[in-house]
Every structure is written in structure tokens, then in C-alpha cells.
């Protein structure tokens, strides 16, 4: 789900953080008393997928109850009152990535509409690549948009669909949109889920004592003690409802022509929680294997210790250390009490931003040759400060190793990134990068090495097994809005700057 | 503007207060730097027309900036930051009546839509009598409503209009709606105002150094030192914009067949501020005359003093005292530090609710025969407590006099009232009322007496000069939704119980 | 009770408002379930005596529960939870005047101390004239002050007293302090009250079904339906407790040599609520008589109407109009939705400050010769704007009449005032004042006229019946700190600028 | 610093968390512009020592500015405005442990007093063992306490001291108190630090470009890029001030008879941040050595993997894995988005509390024999849930290993712990513990093993090198209040239950 990104796909990137950001987590449950309490817990487990906003919609048999907030799930949906505020036996929820400033409440999900078929709430992880074109057409035809979110296009298409049932209208809308999506929806008597034809964004099916669950990752199932059933297939629509006997059933539809799955490789490299299982693979194990392969492809023979950039680099560093036979040490300590940004004193502190979150473990680093392992490098600004902090703590040598290939191309499927020219690997040679980072050497994993860690022999260049366009520039779908963008920069998405 | 009232026109009535409530105040200004600061001040002067919510929309030449809040104008729009938050040379604003509980932010105005003709913001005082029927039709045709407000019907009709210009679309929408409305609208280059064909709700035109202003009452003009130009005529649409020379002009359109004006008599009796001038008459003078005539129609010869129920009864009591030649005394003191409702102690306090706001002035009332004057009686619950409080302070006799006729019928044009069977005058004889209130006598003004105070000889029974249906049951328009209501109670306005 | 005023007695004066401010209201109740709920209601009735802060202390037989807040009583003590937060059968409370900025929570009362005799809470209306001298001595002797309030001096004197019982320690402290005070105190088994030897600040005794009450004004008794028993005498200490039989008794002590009472005349002229009875006189009646006498002393024969400056001038204007036989009209309407200060638009509005609160009733004032009546004039800044507003609304003549003598001298007993050179009457002739205010004439009541309204024949110059130093410069007590002040400005009251 | 603990030393223990809690962190800086900004950063680095409250006092040459808040440093002292709110070139700060409920703002530090020698602010890590006895004596002698904190005893002793200078008064007070303390104080021209005669609580001296710093741990120096100078010695008082030449000097005093240092062993085992250096030893290295020795003393030969309980068990688990030659795996993932406590759904979730913070990494644990390593066990409630969660994730065997000896005795020097009978190791055999935890085996480190990890050959039973009473029952000082406690439970510390 995105919005202003339709104008500039990259504006939400947080340069302070220098991390990629995912475009949300979704959760749904059907047929459980306390559906919203369970949804809150599921969203809490998916909090790493988005910290900007969160929302829950529940249906109590008569009314929908929706709350959408800026901030963390625990800040709004933890207390006793959730039960009374959001009653019902079915609920869906959403967490949204954090951005600097541009956040507005009316874009927080789930979105809701009174359709002629009844109420309809929807939550979306991903990004549509033709949302803007569709929106222009819809506005011309009399539609009033309440948000700037691409997700609302789906609602408006459904409202205007001539099909009779809500499921048919939903499928009608899906057949008009392109891009990446994992969707969960709530109607008067169903929960509906859908994954785009390539399965770019993840979605799994779980079960809690007979109540079906949909979630972005398996860690949300573990949080509430639910059983993992299976991954939703690419291009699959699942309809969860009661059948004539009153039994809850999960029906599967395939409204698209069959395509080979091509899920986003970044889920393994970066986004998903290490304890999640995505399309059958343990994220933690993949990351350790990325580190193992990195140790082989990019050795650092003179090194005394392997040090992870915490917490993102930890699994790869464990893999690297094991494969290289070099001791693994906590040379950097992470401060978990972070939230607000502190102001710089006038007497400037070096590596100020990094010190708020990380601290060099001086006694470990002193006089050592260090392999610093991280999962990825985006702009390199944070990496640069970390290398300097490690050096100032006394490290003799610093070899920077990155457990994925160089990131060179933007994403259009729900990941926030800086512009291409800000990506350090898009513009610099390895030697220049080392110089810029202040490292003695820099090494990346190869694309085939990444595929090896995922259990493939190598990347299949004809029909690649994963969406890996950020590394390869090979985009899995058309990019209709992006291409229109290049033609004209002027379309006004909304005249409303913001609303409270 | 109303919403859930479409289902039950009376649900918003606040029984604690036992007062009628108006359905909002509107304000607009065009062509002034600091348009939103001036709008905030204008709304502050109109605060008596609605304390539930308030909002301002401003246009800065490129973007619309809208803020809508629950609470008072001074709580949200008083500070320095308004200027930066709501920049622009044109702005409109809205205050909304207070209700118990049912308030939801998404119904606070101005409402906004991105139309194919550009942005459009709208604020509404009044109530449409066929909004629900239109809404049902629009939803069936694919419209998604973002509120339950009847005002949004106007936006949806405009979005779907096939006419080319925004003014033509606006007129197209007005020609489909019925009921009472004073509207102010903001577009990319205009401010538009409109008053319904009967002129039920008030709207005036003012001028501040060349910048035209629209407002519900003249007191909003006085607040900002603006000049009163004229009242908007019933059925008139005014378009305020720059002409080809860059000069600001006010164009007048009359898109309806000519009708005699029939404005709401309650504005004089109750709603408007005493210093306002409505359609040429001083509200304060009318109220004093209501009291004067009341003294003649309903004398209390044995009385020692005339005491107003503050503050509503003050002008009528001054008129009564002067006409009757009885001294006017402040026998009841009002406490202005009210806001929150205090809890009752376990040791119960008599007349608790009334004591929070009023206090008997014991030394004035002791052993006196008192004429208590109020502007109106709705349910009589507060009047009953006040009479008791006055008696307990030592009054020998209490004669209750009401400066308008008995209220016997509900309103459908934007006034909140209790149901018919709760109206004390709809169900009781004068003697029963006196008994219930604990008064020695009760007296009301006659309908013709009220017309006399308004400068008429009497009520014209064929073409009444005012909308006076609450006293007479003679409704000035069709009541399409009300009649449908009687047929079926089941239409679900929205499945969304509330949204944050 | 005051604090920084010890350094500069006048710093708290709010120049925006141009009104005198009282130094607080106090309330106490003993032997009633829900003591704190009743105290909250009593304080609400005393809210006009202080809007800056409020606090309640209750004792539940084991612990004291104290809450002190900035803001209004209704903002903090209205809700259901008060009962649980402040349990107990005895409670005392305090409201504090509003100041600009300098307010700090640690000075809000009641203050509390664990004394060797048990817990002790105290609330104070008034101001001590030797607090600073005593404080210096106490600090030198090892006392640590937790506030800058003069009231804390009483606590510290009690802590160090060598007397055995808490009442004896209290009397010991009173015998060392000078100035004005109405005090209410709460101990483990008593409520104690005291009024200074001259009775400058008011204090009354009431009764609610056997539970004794102390309050600054009778309006607090009326609020909770309590019976007025009597005024506390000057120099009286009352101890409310259970006797050996378990019956609640009110004991009276007189620890000072007998003196003639000399209560503050400003309570009648200005501070007290009109429905209160102070030392046997109706405040409302006194104010009407001030107006009656003013009509005789300062007639305006050419005038068409008498108009009060609302709400302060209303009773005097009624008296003036009746005595002069000139019609009384509401020529100025007060806006009760005030709280926050709105910002000025760039396009400046004339009489901006005054318009926020008052509005000219144009149709009443047009072409009239107007007598404007107010209760007092301090700096004259507001009066000046009101006169101009009345003129701009069309008044032909404006005669300003003030229902008290010229205010020429500062107060040191708990009233906030501007410095002497800012007092308009201290520096200008009547003609200059008229010119400055833009009035056709200005007239004040005489000192003897004021005494007449209070039921005296005239002021007794040897032993004046009232504390009237602001008009006469005749201070009823020594002013120890003030005199020291003139000698040296340097004593540092506290090194702590503020604490949260 | 403690308070109610004087009545019950253990009441603040948080049973939800099942962790020991330290009694605060302190920080001070002298002679730096932006002293409070730097103090905020230092406190942020010490946040792990207390999350309940935080405060800063700064002196600007004329006034003290103090702010004390409930909550985290970053919530109150991160923003731009700190500079203006807390101006000055010297500042001290304090973080306070988190408790359930009993927290009150008036106990948050720094505490402040106006002494005859000038202003004095103080912050305290530790706990006095004779505070209550001293307090009783002081109250009897006329002292009024503003808090229930033991720290205020020091202020009251200083206020009453007959010595002339502030340093002499401070030493006078120290000579009367017993227990554990690291103190930092701020006067009109000095910063003063002190460590108790045994050096139970840590305190270090740092330097930032000539500005001396005092802090609980070296990680606070690293945060602001300051240089570590040395640890403050046990029984040392340091006075930081400008000498006659205007140069900043650090003077050292030794007002106590010389004693052998005996610092608290728990700083290494548990409290301090791993990157800190306490009295010359790297905390991280000590923890790894605790794990190494544990592997030797308590092997688990059949185990497949070593899994830390994150984050507390990580360094010891790394040591254990290395020494045992068993792979180290992240079998448990920690959720860092924790704060609020979520409510349990009605459909109960097993191991609910633990799941909020930890998640089993199923693919790592399945069918494995696991050595679970944690740094300590207190009540065992969390450990029990973690063991179950690990088993339900498929672990074949679970061997619980604890990197310190069994905790059997309460602390009285500033650590919050449950009562003795709640300590699992105080009441159960190893076999019973294993059964209760659901583990296949449980093993603790020996006391001598712990001393080995600290670089000692063994514990010296005559003059133990560390304060290790929680393991051994051998308390390093008299426990005056504790002993009095056993005699009588009735002393009322304060009658004031709470204050806002």
C-alpha cells in the first residue's frame, strides 16, 4: 500500500535510518471471540514490518468497528478496552511502515467502504503499479477518494463493479490492478485473502482451534499459539466463511492465468523476522547460509574476530564465523532504549546518530582485525559511522562484508528506498566504497551466491525464481505509473495537503 | 447538516441541558491574507451555534489545508500556528452543535472532495429532508460515502454531475436536494454561498476592506470589524471570485423559481446572539418585545419582582419588567465556570444539575412574589429544578412566563429536539404544567403575539411569514425522508459504527 | 497565600485582563462520607476566587491523599474517580488565582507536612506581611523549604514549635505571623480554621446534616445545599472534631488580644459572588446600592440609557438606572466561550482584546447618549477599548461611571494589582482620565458614598470599619517585608527557578 | 535510593518481569556549555539501570533548573527545548528503576534544597541501611520531609549541620549514614561525587575536553565521546570546581578510615552494560568467562546446540559454546517492540507473558538437545515459560544452565528482589528446580567459579573481594533498619499516601 509514492516512489525513505523499509504487515482472523485482541497480538508480532501506523477493523454481526492510529500497536491496542471498542468474531489488521513527516491518518489502514453488497474493509501489503492511471479514470467518472492510498483504488473499482456478489466484485477489481499485493478483507460474513499473480509479497494461512488466520509471516501465528497450515499461493484468492452447515470453510479460487511464483528475495535477506518461515524456508537458516557463502566468496584471512552489526547482521555473522573458523564476538552493543532522537550538544559528538543505537565494545575490539558483517548496505551512511566507531575503539583492521549483492535499482512493489543515485553500490566501485566507509576492504555476496543460500543451484536467467530487481534491474511486471511518470510529472494526486 | 439524524431526527438532543440546539454556524472569507485566522475569529463569534466540533479549510493557491476537531474553536484554532497550518487567501469554517456521545470526527465539517473540476470544500448549516433517499440511490450506483452526513450527498451529486463548471455542478446538486441549508464552499478560485429557496437558515454578506465574507450571523462580522453588506436572499447563490481585471466580485444567481422567504422564527426566539441582526431585525429588540407583549398577554399583577432565567431569559425579562412596571432583579446568578459535569455526592444534593450552573440569590428572593421569565420551555426538566431552587430560597410565589408559544412539534431543518412525547407543552395542560413545575401559574406568549414582536400585525395563515412549525405543525417543505421513515425503519445508513 | 510576591508583591497581575485578582478560595468539611466530592463542588462555587490552580487533601483515617493541579476545579475534580483517588470523611481544598507564566505546581495548595504530631495539611487565602523575614531565619536554622509560598512558613514554624498538641503548635505559629489570612487545616482527627486578627479575608461556617463546613463565601454552602451558620470572627480559631461521645463539635478559641474587625472592602466591591453574604451583608444588595449612590453623586442628566460593562458592572448599573430613572439596556453582549487567547490577524482588528469577550449591541447604542457603569477601574486599558467600541457602534455620548472610589494604592493582603504608577487613578486627573478613555465624562463614587452603600453613615477616620487602603492608603497592619524590601532588593527567596 | 523499601525492602520487585532491578544510574558534568544536553545523553546510556523515572538539575550561575519525570530519558530530555529549559555549565542527572504502581513523582531525583550555603541538588544510586532511624530523629527535631526517599535524609542532615562550608556539611552527613551509595551533587560552584566506604555501587570519573564527568558506568562516557579517567575509590569524595586561576580541578578527599573495596558482584553478573568497564574489568569478558567456567562445571555432553536466553544470556552462552565446543544458535528470538502489556485473549494463549518478548525459532530447535543459558534465575517463573516454549517448538532435551550461583538472600543496598521465600534457589533442590522448570537438568556456577571469572583464584572467606551476600548471606555492613524492622513493623514513614 502506498500513496504519495505514486508521485515519487521513494519519498518515504528515512535517510536517518539508512535501512530499507517494508510496506506493511497484514493479519486476519475469522470465527474467534476476541478477534480484535488476537489481531492486536498478531500485528504486534508483525510490528517490524511497519511502525508508522496501525489499524484494526472488526465486525460484530451488525456494525463494523474500525480504529486507525499513528504509532505502534502496543500504544493503541494493548489494553483491556480493545475488547469493547472493537467487538466481533472476525477482524483484520494492518501495520504500516514509518516515514518522516509525510504520514497522514487518512492513509492508515484498514480502509472501509459501505458497498451496495454491505460493509467492506481492506488491508494491503504491497504496491500497485497502475494505481494512478486507474485513479485518474475513476475521478473523471465521479468517484470521490477519501485517501491518497493506492489501496482505495480497489474499493472504488469494487463499488462500481456491475457484478453481483462481493467476492465477484473483488475479483473484478483484482483483474484490473497490477503490481504486488497481499490483501486481507472483511465483509459482513467473510474474510477474504489474496496474493498477487507472482506472489511478490508473502501471505500465510494458519489455524487457531478451528479459526482460520491470514498473516504476512508465520511469526504472527507463533505469537498467538496458532498452527501454520500453508502459504497462500501466488495468484490465489481465499474466501473464509461459514458454509450452510455452520462450519467454517476456506475456499480457494484462482482467477488469474497460472504463473510461476516469484516472491521478493528481500523478505529473506532483510524484512522477515528470523523465526518466520516464508514459502517453506526458515528465514534464520537462509541468513546463516548467506553468511556461510559470504565467508567463502569474500574471505578475510587475516581477521581475528567476526563482529555483527546488531541486530540485522547477527545470523549472517554467525554463518560467516562458523564457515571461516574465526571467533564470533559482540564487538558492538545495541542500545534498545531508542525512540526519540536526541539533540546534538553544541560540543559536537562524533558518530552521534550511530551512538544513540550502537556502542563499541572497546575491550573486544582493541588491536583486533575485525570482519564486520551486515545484511545489506543502502546508502552507506550508517555503515560509515559504524566503521569509524569501531576504528576509534582500537580496531587494527576493519573488513566490511555484506550478506547480499550490491543494491543498485529502486523497488516499485512496496519497499521504500532512496533514489538510485543515493544507493552507494549504484554509483561506486568496491575500492571507492572501501575508501568512503573507511574500511580496509569491502565485499558483497554474488547473486548466484544468494540463490545458493536459498537452496537453488543458481539464478535461472530465463525465469528467475525470485523477484530480485533491486540487485539485477529485472522487474517482474510492467511499471505503468513509473513509465507515465517519466513522461509527465504533473498529475495532482490530491489537492488536499493533509487532513486531521 | 446532520447524519444519524437521518435515521432518527431527534437522537442528538441533550436531555441534560433541556435546550434546543442549533445545527451549526458557517463562515467564509475570500481575498484576505490570514484568511484562516479571520475564519477562526468568525467561528468563535458563532460558537453559540455549535460546540461539538469545528473545522476550517483554506486554499493556498496550490493545496487545500483542512483541520477538523471535536471541541471548541478556541481549543484548536486560537494559537499562532494556525497561520502556518492553514495558509491561504480564502477559507471557510464550520461550528457544529454538541451532542452526547454520538459524535464522530468524520462528520465534522468542512467536508472535502477532489472533483474533476479541482478541489471542493463545503460547510453546511441546516438539514436536508431527502438526503437518505438520494444516498441510497448513489450507493447503489457505486458511490463510496466517507461520512454519514447529509452534506456529503451534495458532494457526491456534484462528482457525478455531467455539467462542466464547478458552479454548474453545484447548482445541479442544489436542484436535487430539499430542506434547509445555508452553505459556504471553497474551490480553487472561488468562494460560493447559498441559502435554501425558503431562506430557513440565515446567511449574511459582509466586507472587510474589500474581502467579501459570508457568515451565519452579523455578530461574526462585528468580531473582526467587518462591515455588514446585506442578507443573502432565499434561493440565492453567490459566487465570489476575481474577475478578468483581478478585482474581487460578488455575483448573484437565482437558480430556483421565486418563493416568499420564510425564515426560522427560532433564530429570533432562541438561537441567534442578541447583538446579531437577522434579515434586518435586531435580535435583542425582538426578544425585548417578546417580553413586553408577554407582560400584556400574561400579566402577574401580584408580583414583586421580575427575575430572568439567565442568560437566555434576560432580554425578555427586561421587556416584561418595563412593560409591567415591576422591578427587574438578578434573583438567579449564573456560574460561568461550567464544562465538565461533576459527580453527585452520595449524600444527594437537591437540584444538583441546576446548581452547577445557577445559584439562587437568597436575599433578593426571600418572601417575594416572583415572575420567572425564560425564552422557551422544551421538556421542562430544568425549569422544574429552577422553580424549586427559587422556592427553597424563600420566594413566596413563582409565576413562570415563557416568551414564545408552546413548542409542540419536532423540527426537521437542523434543530435538535426531544421526541414529541417529551415536549412538555405537547402533552400537558397549563394547569398540569404549573403543577409539574411547582409554579403558581404558567403563561405562554400567543403565536400572533410572537408575530407582533417580529413587527407583523399577525400571522398570515395562508403564506406565513416565518417557519414556525414547532409551534404550529405547519411544515414549510415536503419531508421525504421522514415520511419514508414512517413506512420502514430498516435502512442501514452505514455499517461502520465509528472510525477514529 | 503568595510566593514570589514576597519579592515583588505585584508580579502576578495579569495586564491583559486589567482586573484585580483575589488570592484564593478555601473550603473544608468534616464528618461526611464523600468529603472530597463535596469539597470539589464547594471549590467549583469558589472558582471566581482563583483559576490558576486547585487542590484537595483528604484523610481516610490512615493516610492523607492530596492532589494539586494547574487549571480549573472542573478539569481535575469533576469525575467519578475523585471518590477513589481522595477517600476520607474530612477534606480541605483550595483554588488559586491565575497568573501569567510564573505559576509552579509546587506552590499549589493544600501544602502538607508530616509533623511529629501526625499529618497536617493547610490551605490559605491571604498574604503574610512578615513571611520573608521568618523564612530567612528558619533557613538559617536548618529548615528546608519545599515551596516559595508564604504559607509554608506556618508549617515550618509548627514543625519547630516546642508545644505538645497540633492545635497549640498552630496557635504558636499564628502568633508569630502578621498579615491577612483565612486558613483551613486538616489533621489526623480535626479540621481547623482561622481568620486573622482583623478579619481581612472572609471565612464562614456552614453545616450539612451535622457536618461542619468552612468556606470563603456562602455561595459554596449554597452549591451543596448546606446551611449557613455564621461568619468566623476576626482573630477566631475554630477546631472541629469529635468529642469523647463521638459527637462532632465546633470549638472556638481566641488566641489574640481583641481587635475591631476590619474586613476588606473589595470583597463587596469586586471579589465575592453577588449571591454571597459576607459578614451579614448581601453582596448583590451592596453593589446595587453602590450604583444608586453613584447615580446621586455622579449624575448624567443628558443620558438616554444605562449600560453595564458585563458582567462586573451589572448590579451597580441596575442600581444606577433605577435611581436615575434612565432605562437599563444590554448595550454590550458578553461572549462566554473564552479561554484561549486568539492571535491577531495581520490585518489588525481594532479593540481586539475586548472583542474576544465583549460585543457592542449596535441597534441599542446607535445615536444614544450612554452611561457606561463598571464596578472599578484599575489601569483603564480595557475601559478605554470598551468606550471606543461603544462609540464605533454609534453612541453619541459616553459617560463612564465607576461604582467605587479611585484605586490609588497597592494591596499587601492577597490581591494582585499593577504597580502604583500603572493605576490610572493614581496618576491622572478626572479630565485626563476622560480624555484617555475617550469618554465625555468620568465619575467615581466617594469613599463615604461607598461606606453608605455598606450601611454605614460614613467612614470612621479613627477606627475605619473596613480595610480600604487601596482607596485611602491607610494600611491596617505593619508591612514588615515591604519595608525591608525598600531597604534591600537582594534576598534570594529560592535558587530553584522551577520544578516539575 | 529507595523509599517505601524502608518499610518493606522488596515491594518494588516486578513479578511480571522476574528480573532483579538495579537502583539507578547517576551522571554529572562540570564546565561544559550544554551540560544538560550531555547529561541527557549520559542518562540515556544508563537507561538500563532504571526506567521508572529520570531527572536532571542544572545550574546557570544564578538559578537551579530541575526537571523530574516518570518515564524514559528519551521521552522527556531528547528534544531541542532541553537546552532552554535546563541551562547551565554544570548538571547532574538520575535514572530510576521501574516499579509497578508505587512510583511517585516526589521521589524522583535529583532532590533539591535551598541550604544556608546556597542551592544543593543530589542524585543517589544505592540504599542507606539506617535511613529510617535517622529520619525519625530528624522529624522529632522539626524537620519536614518532602519525599519518602532515603536520599532526603542526607539533605536534612546537611541543613542542620553546624559546619560552615557545603563540602564540610556533606562530609558531616556522610559520616552519619550507613549503606551503599554512589552520589553526585551540584552546588553553586561545584560538582561533588562520593562512593561509600566499601564501594558497593560503581562510580567512574571521565573527561570531555577538560570537563570532568562522573557516571555510574563507562558506557555513559562512550556515549558522549568522553575519555575514561579512573574509577572513584571506595570511601572517596571528589570535589570538582574552579581553582583561583579559573582552571577546573578535581580534588580528592578520604573522610573515612581506610577499608578494602568490596563492590557488588551483581554489576558484573547482571546489571552493567556489557560494554562497560567496572573497576578495571570488561563486563562482557567477565560474562563470557562465567559461561566458559559454567561449561566446565556444568557440562551437557549430549547437547546439540547452545541457545542463549536473549539478551541477558548472550555473552555467557557464547562463552559456554566456545568452551564446550557446541554450536551456538539463536534458538529464541527477542521482540524489541515491547512496552505496554497486551491483554490475554479469552481463548487463553500459553506462555503468554513470555511470547510478548520472546519467540521460539522452531526450525533451529526441532529435535535438538538444547543447552539454555541465562545469566541468573530469580523466581524462575519466566525461565519456566521459556523452557516450555522451547519444548513446544520441538526441542528433544532442555538443559538449563545458569551463569552465577544460586540466589538465596535478599539485598539491602539498592537491588529490588522478591522476598526470600519466592527465590527459587532459596527453597528448592536442583532436582525440584528441574522438575518445576520442566528441564532435563539444571546447573549453576559455583561461588568460586564466579570469583575465577572475575580473575580471582577463589573467594577469600575472611575478607571477601566482592559484596556477594545474595549468594552467600554474608552482608558487608550492619543492617540497622532491617533489624529494627524485625522488632516492630509499625513506624509510619509518611501519612501522605501520594501526591501529584
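Observations, loosely collected:
Think of it as A, B, C and D in the order they're written, each chain with its own count starting at 1.
The criterion applied here is as follows: contacts are C-beta pairs under 8 Å (C-beta built on N, C-alpha and C of every residue); 3 or more make two chains touch, one makes a residue touch a chain.
If you're wondering where the values come from, they're calculated on a predicted model, not measured in any experiment.
Distance between Cα centroids is largest for the pairing of subunit A with C. We define each chain's centre as the mean of its Cα atoms; on that basis subunit C and subunit D are separated by 50 Å.
Work out the mean CA point of subunit B and of subunit C, and you get 38 Å between them. All chain pairs in contact, by the document's touch criterion: A-B, A-D, B-C, C-D.
Interface residues of subunit D, counted against subunit C in their complex, comprise 62-69, 112-116, 118-119, 139-140, 142-146, 155-156, 159-160, 188, 494-500.
Residues 32-34, 37-38, 40-41, 44-45, 47-48, 51, 72-75, 77-80, 82-83, 208-209, 219, 222-225, 273-275, 277, 282, 284-285, 311, 314-315, 318, 322, 327-330, 333, 335-347, 349-350, 355-356, 359-364 of subunit C are the ones touching subunit B in the complex.
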